[in-house]
Amino acid sequence: MDGLRRHKGMFLLPGLLTLFLIIIFPLLFTIRVSFSGWNVSNPRMDFIGGANYTAMLHDSRFWASITRLILLAGGTVLIQYIIGFGMALLVWREVRGRRFWRVLFLVPMMTTPVVMAAIWQTIFHESLGPVNDLLGMVGLTNVPWLTESGPALVALMTVEVWQWTPFMFLLLLAGLLSLPREPFMAAAIDGAGTWRTFRKVTFPLMAPVSVAAVVIRLIEASKLSDSVYVLTSGGPGSSTETPGYYLYIQGLRDQQTGYSGAMSLAYLVLMIVTLTVVAALLTRAFKLKGAS
Amino acid sequence: MRSRPYTRVVAVAAVAALTATACTAQSEAQHKSKQKAALFKPGSEISYQKYGKSYPATKVKDGPGPCSYESISRKDYSGQTLKIISHAVPVIGEPTQLHAKQFEEITGGKVEVVNVPFGELHQKILTPLQAGQPAYDVMFYPSLWIGDMAPYLAPVPEEYLNTPGMRDVTQSYMDVATWDGKVVQYPVDGDRHYLKVRTDVLKDPKWQAEYKRATGKDLKVPTTWAEYQETAEVFSGKDFDGDGKKNYGSAEVTKRDDLTFSAFISRAAPYVKNPKVKGGVFFDAETMKPLINTPGFVRALEDMVKAKSTWAPGGANFGLGDEIFSFGGGQTLMSYSWDDAFIQAQQPDSKIRNTVQAAPLPGSSEVYNRTTKAWDKKANQAAYFTWGWTSAVAKASSHQEMAFDYLCFFGNEANTALDLTIGRFGVNPYRMSHFDPAFWEKQGWDKDVAEAYVKTLSGMEENPNRVFDLRVPGVNQYMSALANGVAAALAGQESPQRALDGVAGEWAEITDQIGKDKVRSAYRNVVALEDKS
Amino acid sequence: MRSRLYPVFKYTVIALWACFVAGPFLWAMTTSFKNANAVQGGATYVPWVQYEPTLTGWRNIFGGAGGVDVIDPFINSAVVTIAASAISLALGSLAAYALSRYRFRLGFIKNSDIVFFFVSQRIMPPVVLVIPFFYLLQWGGLLDTVPGLVIVTVALLLPIAVWVMVDFFNGIPREIDEMAMLDGCPPFQTFVRAILPNSLPGLTVAAMFCAVFGWNDFFFAFRLTFTEVQTLPQAVVALNSSIPPWWTLSAAALFGVAPLILLALWVERLLSKGNLSGAVR
Amino acid sequence: MNLNATDLCLTVDGVDHLRNVTATFRPGRLHTVIGRTMAGKTTLLRALAGLQQVDSGSLTRAGEDFLKTPVWRRDTAMVYQQFINYPHLTVFANVAFPLKRAGLSRDEIRRRVRHSLASVGLTDFEKRRPSQLSGGQQQRVAMARALARGTGILLLDEPLANLDYKLREQLRDEFKALFSDQGDTIVVYTTTEPAEAMMLGDVVLVMHEGRIVQTGTPQEVFERPATTTVASIINDPPMNIFAGRLEGGQVTVAGFEATHISAHLADLPDGAYMFGLRATDVSLAAGGVEGEVTFVEISGSETFVHVAVGEIPFVVQIEGIHDVALGDLVKLRFRPDRLFAFDEQGALVRTPSYDLASVEGR
């Protein structure tokens, strides 16, 4: 196809340029604004040098939120992957009501995160919600879901797992359904059991899908903020703040545009580097697993 | 869905920008009303019933004056569109929509309303104003934002200031609406924090005896925060309403990014507002040194941390709505915040109707004196005029007549009378005529409940020791910093003193960032109101 | 090999997960028929038995005075989602096709870097973009308009479309392109006549992701519109007041989810027919 | 309207795919390109089609610079090894696809498609999708599509390689008939199978490591393989090649002492040579050179016995099925009159006089 150089631009450029044009202004704007003292009462593009960046280095809330995000995103994505893969395997073959389960398991990802978070807030409501009520019925005490940092993190992760496991489920189920049959027959002839078949055949074959699904989920999970916003407002104290939510507080609610610009850029660079490294590591890890 | 000719939009934007800078050009760009026949006879009976079953059957008489149904229905606004931003439904958002619908019906104009959650309202209003984008004609927002909004607001014209309804607004709420000597906000709501208690428990001999046993004191409505704490502790964890579920002592707004800062100021007011000391509560109005970490505020925060033990499950993450559900649903003995919870508890279908009582916020047995740096050992009471909802018209609006007519219609005597009775509307007494127990009795309130309510509210108007919100530019930043500090202390991450020291540091930074003189001149206006008495 | 308990185990796990997935919907369903009193008394589940159901919540979302009208926002959401998804799919599949079939090299930039450029747009926290977008759209006079919102939404969806379609096109043998060209199709016709018709499963998955992310975008729609273009999530969030009417909120949430459940049905059908093979890799 | 390739060169990542390929393809002729896997056959076809750019060289047709002609205007049809059809179209639409692009009338399209499908025996399959057909049927659809257009150039890239043996033979026979109808079309057909190349080709081009090493009629190539490489490529099983010496009309093969006398080699000068002997010209006998059986293949009615004589591997093709076991010691008998002689560089020096009938009979 190398003979068609003249045409390749025709395909790529409309999309690339569109995205570039839409994105370039915000990016330049953010870079420029990060060197300004633009805030709510002084919305001007003045120049204050690197003051915002210096302030950011000393902003322990920001750095704490990044550490927290790594745990939250890593943890939820791992849980989503395990459950998503498990469910995909269970409804992959030979199960009654297969179509019903599949549709049901897809639905949460179709819902609006902010809206569902509001519903979850009522579910975790410590005195009026059903979770504590049901726990009470089986004789357990009230859990301070949204008022203590441990349970609040669990609540957040629950919401994230609920919302996005279907995404994993979809990608992994589609992956499973497109697997060739031959290796399974071979494994069956070899007399491999369920677990061995999974470990030696299914899992290695699913490695590419798995890497893609995990990476894309990590990207999305890194923006985690809607559910924080609605459920805990980052509380108690600042113990459930994520960078996304902290940026929102600084940049939009308090309109510290300049400062949030600096943080955004730092965050963006950090995320791109982290995710690239993670993606590379995952690819290698899965390849090794697949080869063994 | 309409697609606009963009050139026109740009042109309109340019015109708007011009009008914003050159006020002389303003009158030419303004759209005016035409006259038509009235749709109402003077003094007609007004009721919301036709808008649905969720409205009470109450009927009131249309009042006189230019804002009445009768007068407004003479105006013809057909072909004009008014754009309004308001708070989320129902608090203030629902009356905004309801009156918009009525206004459309009687003037033929079109009114578009968007409703926005509290946390988003500030930037959603301010961003277009700052960008010179004529997004909204009318804005409903918390009155304490006046410092940020004032530069973009159209002063209320003389003819609206002279309506009977406006003249009846209490002095405090006119003060709150005034900036640099001009009335720039249109009062539609009067707000203050006060105490709510369950009288069925307080008057129950069994509980009185129990309280006596526990504390050796008589059970009564607490008048100091120390008593409040004592009472709350005794009743927390007991099933005082006999429904088989545990009850708790106190419900407070504690969710960090909700309205926690107001709850905290309520608790601090009697400790920090010394009638003998003038010149500012939050700052020293001369030096602009933050006072937020002075012993009075620290004491209040210590109280609040102590109070945690008396909160219902989840009480440390209560937004205003949770507080209202908790008290209004009968879960807690006491609560303090805006009228909403009280009115909610007094709704016709409420389980605790007429078993609640309003009382002034608790006071203190001593008050800090920042000039002598010592506690003055004397009982102190301070009225905290917490921010309430207000409304304003954008200077850049080209529909100012329609906008002010809408607001004057919104707040006409008939509408206000009906709105006051609907708890979820969040419209609370702000005119002298609202302080009439007879009106509330007509709504089915018991006489003593109505009287205590009116006395509590009007008493605040008479209290000379008053605290107002920090109505300066950047108020959200200050309050956000304060809420962070309070939340950190409540979560046990920091001691109250350390937390407030941190807040003081942030406040100083914020002041520097915004400009000391700008903040000072704004804060002096607030201090003038407080010290006037 | 498999123990007799395996089916019991299997259906137990499936049922447990199903309960978890369906729980919030069931809760929202029952809450949507409550009123303030039914909510304030603590958690209840069964109408008539535990509380007296009312239709207030549902009435409120269909023009009842105590709520917000969801019909106009629904239409707005649909228009923006469909337009933005269509544009993203068109531009995205063109670009993805180029990245799958041709080799690009510009200095150190290779195909994989261009793909990464697209995907990396999803790493950007929305907060970074929204303020500049405000000024960008203001400059173009596009604030509070459908085209403005569509442009912004395209920026969100295009990366997804490219990501899904690159993988999908990689799974279609190049020989099909070559054959089409030999059969007399210039490159663009080749794409339209030979490749696109074979990409329906991929397009479906991409369309689904676009629709889901477009339909559920609250952040940008909220901040870049004033009154004219209210989308459904905005309408629902407008109910998140300081006194949240749980019942109306629940009804609105269920209403907003409904059209996307149809989408889930459609996707499942494609899945069952095995048409998604190679759609996601 | 010849298609002339001159000095086509292509190197990708340090590997030479085409090295100075020069060839003339003539209308109405069927050119078979034979070579081992990776010899550059497919690359050559793709270069002719325009699907592969070359580094240097020229390609012209009727004075036109073909390298500058885009693929879609090259008037070329191609059939792939992997049964490529449009998966989304029915058999009918598949065949009609290029015709529609060419702008033919609907009636004409229908006529041609029907004709073409009939010629490959798929008349009743019009409405099926390719995925509902067997491999052989799918390849017939691809053939029908390529033929229906009546292009000036028809390229077939090992079209039978992925089919089973039976089908391959059947289709090969059908192709012979189909191609004979093609009038002025230039047909280029690549294969690894000598029999296919011999049977179908008007012209045989032998490729090795990116080069065309010999061009000629099947008979020429078969009888006079220019090099040892060609000799091994165009014979199946490959010709046995071994080094030896010729002294006074006597052949001495290194590794084992054996002396043969062969008349047709008698006048060659003495020296070191490479010798070639087809597998059919070696047989198992009671006496002769002894070797050890390393491998036995039974193919249809023939048996291939691989025998190692010292270090030298031999393949022996014998009629019928023979019971030879691995590790058996057998004795080989060579037919000295069938020896090919090549010089030490592998270039052909002398061929045996061959009876052509025995070639075609295979």
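Quick notes on this structure:
We call the chains A, B, C and D, going by the order they appear; numbering starts again at 1 in every chain.
In this text, a residue touches a chain if its C-beta (ideal position, glycine included) is under 8 Å from a C-beta of that chain, and two chains touch if they have at least 3 such contacts.
Chains and their UniProt names: A, C = ABC transporter permease; B = ABC transporter solute-binding protein.
Keep in mind that what you see is a predicted model, and the values were worked out from it rather than measured.
Here B-C and A-B were compared by C-beta pairs in contact; the pair with more is B-C. Ranked by distance of CA centroids from subunit D, the top chain is B.
In whole angstrom, the spacing between the mean C-alpha positions of subunit C and subunit D is 55. Inter-chain centre distance (subunit A to subunit B, centres taken as mean C-alpha positions): 38 Å.
Multi-chain contact residues, meaning those touching two or more other chains, occur in subunit B at positions 120, 123, 127, 131, 258, 325, 329, 331. For subunit A, residues that reach two or more other chains under the stated contact definition are 1-2, 4, 127-128, 132, 252. Residues of subunit D found to touch two or more other chains are 51, 70-71.
Those residues of subunit C that touch subunit D in the complex are listed here as 173, 175-176, 178-186, 189-190, 193-194, 197-198.
Residues 37, 39-43, 125-128, 132, 142, 144-149, 229, 232-239, 249, 252-256 of subunit A are the ones that touch subunit B when the two sit in their complex.
Residue ranges on subunit B touching subunit C, taken from their complex, read 1-4, 6-7, 9-10, 13, 48, 51-55, 83-85, 87-91, 93-94, 97-98, 101, 112-118, 120, 123-124, 127-128, 131, 133, 135-136, 245, 258-259, 319-321, 324-325, 328-331, 340, 344, 347, 349-351, 424, 426.
Subunit C makes touch with subunit A in their complex at residues 1-2, 10-11, 13-14, 17-18, 20-25, 27-28, 31, 39-40, 42-43, 45, 91-92, 94-99, 101-104, 114, 116-133, 135-136, 151-152, 154-155, 158-159, 162-163, 167, 174, 177-178, 186-188, 191, 205, 212, 215-216, 218, 223, 232-233, 236-237, 240, 244, 246, 249-250, 252-253, 256-257, 260-261, 263-265, 267-268, 271-272, 274, 276-281. For subunit A in complex with subunit C, the residues that touch the partner chain are 1-2, 4-5, 7-12, 14-16, 18-19, 22-23, 25-27, 29-30, 33, 83, 86-87, 90-91, 95-96, 98-99, 101-116, 118-120, 122-123, 127-130, 132-134, 162, 166, 170-171, 173-175, 177-178, 193-194, 208-209, 212-213, 216, 219-220, 222-223, 225-226, 230, 243-244, 247-248, 251-252, 257, 260-261, 264-265, 267-268, 271-272, 275-276.
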